[in-house]
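Data block below; observations after.
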């Protein structure tokens, strides 16, 4: 594997006292499974932790495995390779960001048409939608009880989306982590 | 209105008078500017409708007289030589040129609402001729020439402002298309050239031409003869002119069916058939020729004759701001940002965009449009961020697969179409009317519209104008 | 704005989808006459009424589906029908 290079090339001054944080987690190992078989017992819109890895049903026929390389490899052992199944390494092709803060849903509501209330998108919910006009896979993945979202987009849109999220989060006191 | 009492109200009255007089052609500077250098073409048969004059206005004001009807309100008769369905610019221009160029005056224009209630009163009033295909260029150049002499021909001030037209390029490939268009234009003697961002800035100082913009301006296609015109006056001018020559206009007259005989379809409609008249909400009317000029409703009307058209209907939205001091001297178009803007003589900014992304017959505005429009305009002109939108509206566009119109004869004898005008029908109105009139009078397809006949789709000979017509207004 | 009922994602703003157009059936390219083929390419009913059409959920599930919409009022009715083919039988 070539050495990983994030799409985020600008440098930002972090503010540890901020009330909302955006971090670049693009280096996370990402594995995409496209298949006409049911995988991991997960239907579109759900996610589940398998060992140290996170498996997300991002589309009706598509699953995403996120985590450290060994964790993703371990989870990949559970792929049902019957039917028409493709497994694609996505680590270098996608940017992955984490948005954390009590008002994270408020930020997303500004730039995305999805209902981010707990009733519609509870912890673990997975969806795909336009965020700041960029197609993203979005996973509700709270940290220590604080609302948090993982956002994945094409690498080439990474820097733009990162800046768009910082811009939209200005009113919520956002900072890079 | 002309309460000419001497006193503090007098100046105000004069100011109001000026506002009233100007659109009617009394301060004719706009007209004379527009007509200079234009090819004078229309040799109108017979007299013109009377001229509006300042003396007449004052005299009527002092005598307290009201103004006569601009066109007659006559009962619908049971037979005409030609029935034109649709009372917009295209239908009225066709009627006008039938009467003036060919002496065919037993003509009725039917509209289900009021004249100019469709796209003719909803467009953003931009005219230009810098198209991409040689067929398109020749056609729109003729239209621009007719617009240039219209104030004189119709004796009504259409306030043509030949202010120049800029089509911005934001990428190398867009710039390449601009060069392509400029070369096609130059071959046909159209004033059109590619200019660099600094020259763009000189013409329109309020544009952000810096290279650090999200979509930096890489250059522009500059077309000095392009401009804006008062679309209502064009509608009223043609209606008044046609009426003067004996054509009848019938508003609130909806065509419910087209009566055909001998066709291969049900009720004698369809291929091989012949039109005998129309059925309206005000009774049946017979006519050997029925012309479809109904833009967004084109397929609904042509279905009544059993003619299928390659047309889908999509609304195009537009919006206007509050009036401010005049600062925008040219029409600015950005295809990449899906927006175009001009400033009216009253100081309002008029915006338009691309057609809505799904077919429908609904003319309600949407928030998606306003939001996208504001974002794009602010990329081009950050200085207008504090301006407020006053209103937004939509008109129905009859989109064809190749962004060129469908004109002339159909497989049903006597049923003609002048439709498929998409987002650029207004600028084509005069020439379309002139050519359709010739088509009807001579029963032959004029050379200028040969390329636009319906048969081109079956023959696979499309006229691709998307590069210059999709958003570029 | 139009809320389009995607059978997989639920109601979505139309800006997240692409309107493919009227659901029409594709003739057999080996058997169709040029006239039939060009009708398939270019001719649409374009009614101002209820109409079955195909949408593609670009930003969401990336699935094609069919749904009935009234082009005069922009209302949707009946459940949307999943389908991976454009123009295939529902």
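In this document, chain identifiers A, B and C correspond to the written order of the chains, with residue numbering beginning at 1 in each.
The definition used in the following text is that a contact is a pair of C-beta atoms (placed from the backbone, for glycine too) under 8 Å apart; a residue touches a chain by one contact, two chains touch by 3 or more.
Note that the coordinates shown come from a computational prediction; the quantities given were computed from them, not determined experimentally.
Novice: Please identify each chain that touches chain A as well as chain B.
Specialist: C
Novice: When the contacting C-beta pairs are counted for B-C and for A-C, which pair yields the higher total?
Specialist: Here the pair linked by more C-beta pairs in contact is B-C.
Novice: Quick one: report the Å distance separating chain A from chain B, using the average Cα coordinate of each chain.
Specialist: 49
Novice: Give, as an integer number of Å, the spacing between the C-alpha centres of chain C and chain A.
Specialist: That gives a centre separation of 31 Å.
Novice: Residues touching two or more other chains, restricted to chain C: which are they?
Specialist: Expected reply: 13, 15.
Novice: Give the residues of chain B that touch two or more other chains, as numbers and ranges in rising order.
Specialist: none
Novice: Which stretch or stretches of chain A touch chain C in the complex?
Specialist: 44, 59-60, 113, 127-130, 135
Novice: Which residues of chain C touch chain B in the complex?
Specialist: 1-2, 13-15, 18-19, 21-22, 34-35, 38-39, 41-48, 53, 71-74
Novice: Which positions of chain B touch chain C when the two form their complex?
Specialist: Residues in contact with chain C: 297, 299-300, 308-313, 357-362, 366-368, 401, 457-458, 460.
Novice: For chain C, which residues are in contact with chain A within the complex?
Specialist: Contacts found on chain C: 8-9, 12-13, 15-16, 58-63.
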